[in-house]
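For reference, the structures are reproduced in the following blocks.
Shared between the two complexes below is subunit A, which has subunit B as its partner in the first and subunit C in the second.
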Partner chain A sequence: MALEKISVIRLRDVLLVTVPSEPDDETVCALQEQVLAAMARHESKGLVLDISTVQTLDSYFARTVSETVQMVSLMGGRTVLAGMRAPVAVTATQLGLTIPSALTALDVDRAFDMLTLPHPGEPHV
Partner chain B sequence: MYERLTAGEFRIQCEGDIVRARKIVRDAATAMGFGLTDVTRIVTAASELTRNIYHYAKCGCMRWRTVNESGKVGLELVFEDHGPGIPDLAKAMEPGYSTGKTLGMGLPGSKRLMDELTIESTVGQGTTVTVRKWRKLA
Partner chain C sequence: MNTANTASPSPATVLGSEEDFRLLVESVTDYAIIMLGPDGHVATWNPGAERVKGYRAEEIIGKHFSCFYPPEVVQRGFAEHELKVAAKEGRFEDEGWRVRKDGTQFWANVVITAMRGKDGTLRGFGKLTRDLTERKQAQEQIKENAQIKAALKEVGDLKLALDAHAIVAITDAQGKITFVNDKFCAISKYSRPELIGQDHRIINSGHHSKEFIHDLWTTIARGQIWKGEIKNKAKDGSFYWVDTTIVPLMNEQGKPCQYVAIRAEITARKQAEDRIQQQGKEIMELSMPVMQVWKGVVVAPLIGSLDSQRTQKFMERLLNYIVDTNSPVALVDITGVPTIDTQTAQHLVETISAVRLLGAQVVLTGVRPAIAQTLVHLGINLTDIVTRSSLAAGLQVALDILHLKVVSKNGSH
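Entry: the complex of A and B
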């Protein structure tokens, strides 16, 4: 199977990364490298990881995402995991996976608000 | 009730086979009528156990079949390798324990995701992990 394409798009000062539905280990590893390179290049303040099409989140994937969140954090950025499907959330929890220090959002739209609005959820004065 | 018999064997010998094994298991579990959450559980367990073979034994095989037992219908997956074996099975089932550079979630996590998990392992000869998931009645 060929390396699945990872899309890294810069929108305003946030990076939007779309994870393919069944990424192999090589793709997951490439994703980390591409994200870090893009963070450095664009001086982004954050990263939205769109996992809405991901069907299988296993321990290798979770570990790499968790590491990426930490690395982005060291570079001064915040990461929002967006759009995890319900069966994937159930499975990840039972498997015992946690992704500490990642913010989460129901979808990409809300994830963008979290990174770009001054105080999301609070009234603007 | 008519049940389409699902059975097969798949050789695991490269990293890309982890994703291929997931696809086979997803198709088999979906065809058997498992719900999406159970399909995701079974596929994720298969991913962990296939990766274990690839990482620790380099190659091995996965066999799958439908099983009928006292009126229950389920999917059985057997992961077999002739790798180094597991010296301490009790420790290998502890969450967070790993001899490789992994989270140590594969075996204990797979046990939680499936209904049954049994391991047989002999050091120097290999490991066989058998997991089963029973289909819930609609």
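Entry: the complex of A and C
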């Protein structure tokens, strides 16, 4: 059931996953499994997690995503969290739920730029 | 006219015999005249004694006279003390409460006289008791009247003082106004006859909710004091605020029969409060503008210190604006922040991490020398954050992030 909620789309050499609006623990777990399997299958440059529909963020979600980012990194890819909503960001900061190892982008388009353009958008130039 | 024969007493009618004395004692009904044996037992009893104390002669003769005293007095040994004093000094007088046969008490004046034979031996005691209850009551009545008069004067004085200070109205249990003082008339601009007999709806401003009025009435109808601030309407349509205390006065059944409302005008304070509240809101809005200065760059100048409430508001505004304008760079300018402390710095760091979660970057600008010193001395680590001393330098960083370059029209930089 949980597996059916997740679709991992491969666009060129980047993986795109849209996280469902209310991710339960099972779904988040399945997401990690599928992402890692796809990374192994396609040898991608990176992963874009589209969280623009996510309304709430809990500690389990934050930890699992943080772990996934590290795992993807070990397999040679970079992860960008794209499109977090403003209220979610406010609550996440207040609860201390940060995902330090991930890059972030305002939307999926910018996330793709970060992963594919030669200058990945570092703040210090 | 010779009346000597009839007027001059015959020897048989000359008063002074022992029999006469006995008759005298027995004819006195206003005084109890009794004799006690040396040990205090009742020896003789006259009709006065019966009337005053309630015992008949055959019931009491031979009994100890301590039964005339309230039990607590007997316990003190007062009866014996009386006899001792009378025996020693010949006479003892006292006023105090005594007990009748039926248990009721009366205020008695008692004189006990020691009776000694020619050789000086104590033969017993004569005891004269008068019932002075009525006199005592009259005295107490006078005393009470004086107290009541003093109390009334005090109440009158207090009322004067209250009327001078407060707006006072009294209503009956149904809420009909039965009394208003001058201040009430002055503030409501109604004359006394216009108010008496009306209820307080006459000054209702319509400002308060039905629940508010309902709560007021249920509170005072339960006999509890109600306090609150009420907005009223005067006859000319102007409004005034009063700080109100309503005190229910209870009848003997414990039900409120009158309500006394004491009020003080607080219109000026209310207006000042409203102004302050409004100004507070305005300051909050004024001090947190967020604007776009370039496509993809927003600027948020901070003015004043940051508490958690303002941080929350600031964060929400900034984040929403970043999302709305799809801007990857936000310049937070702290030139207008007078001093920075650990808490303000903490709140800034929080805001910056929230912006990062969105996928945008913050450049902290306007870091003045004093602020830089404070931040270092406080040991606040901002190394993850790009900071610049001026907004212009911050804008340069923002343009770099966006891979933009400002070029002068004549070709040079």
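We adopt the following convention: the second predicted complex is superposed on the first by the 115 of 125 C-alpha atoms of A that agree within 3 Å, B and C clash if a C-alpha of one lies under 4 Å from a C-alpha of the other, contacts with A are read in each partner's own complex, and residues count from 1 in each chain.
Quick note on the criterion: contacts are C-beta pairs under 8 Å (C-beta built on N, C-alpha and C of every residue); 3 or more make two chains touch, one makes a residue touch a chain.
Quantities reported herein were computed from a predicted structural model and do not represent experimental measurements.
For the composite obtained by overlaying on subunit A, subunit B and subunit C can both be accommodated side by side without a clash. After overlaying the two complexes on the shared chain, residue contacts for A:Tyr60 are found with subunit B alone; subunit C is out of touch. Of the two partner chains placed by the overlay, neither subunit B nor subunit C lies in contact with A:Met39.
Using the contact criterion defined above for the overlaid structures, shared-chain residue A:Val19 touches neither subunit B nor subunit C, since it reaches no partner.
With both structures placed on the common chain, the touch criterion links A:Val69 to neither subunit B nor subunit C. In the superposition on chain A, contact is made by A:Leu95 with subunit B only, not with subunit C. Legend: residue contacts after superposition of the two complexes on their common chain; A:Val108 is shown touching neither subunit B nor subunit C. In the superposition on chain A, A:Ile6 contacts neither subunit B nor subunit C. Once chain A of one complex is fitted onto chain A of the other, the partner contacts of A:Ala86 extend to both subunit B and subunit C. Remark: in the superposition on chain A the angle formed at subunit A by the CA centres of subunit B and subunit C amounts to 20 degrees, rounded in steps of 10.
Superposition on chain A leaves subunit B and subunit C with their closest Cα atoms 8 Å from each other. On subunit A, the patch touched by subunit B and the patch touched by subunit C overlap at residues 86-88, 90, 92, 94. Looking at the complex, you find that subunit B touches subunit A at residues 15-16, 18-20, 22-23, 26, 36-37, 39-41, 43-44, 47-48, 51, 95, 102-103, 105-106, 108-110, 112-113.
Listed in rising order, the residues of subunit C touching subunit A in the complex are 312, 315-316, 319-320, 322-323, 326-328, 350-351, 353-361, 386, 397, 400-401, 403.
Within the complex formed with subunit B, the residues of subunit A that make contact are 1, 22-26, 55-60, 62-63, 86-88, 90-92, 94-97. Here subunit A touches subunit C in the complex through residues 80-90, 92-94, 98-99, 104-107, 110-111, 119, 121, 123-125, going by the rule given at the top.
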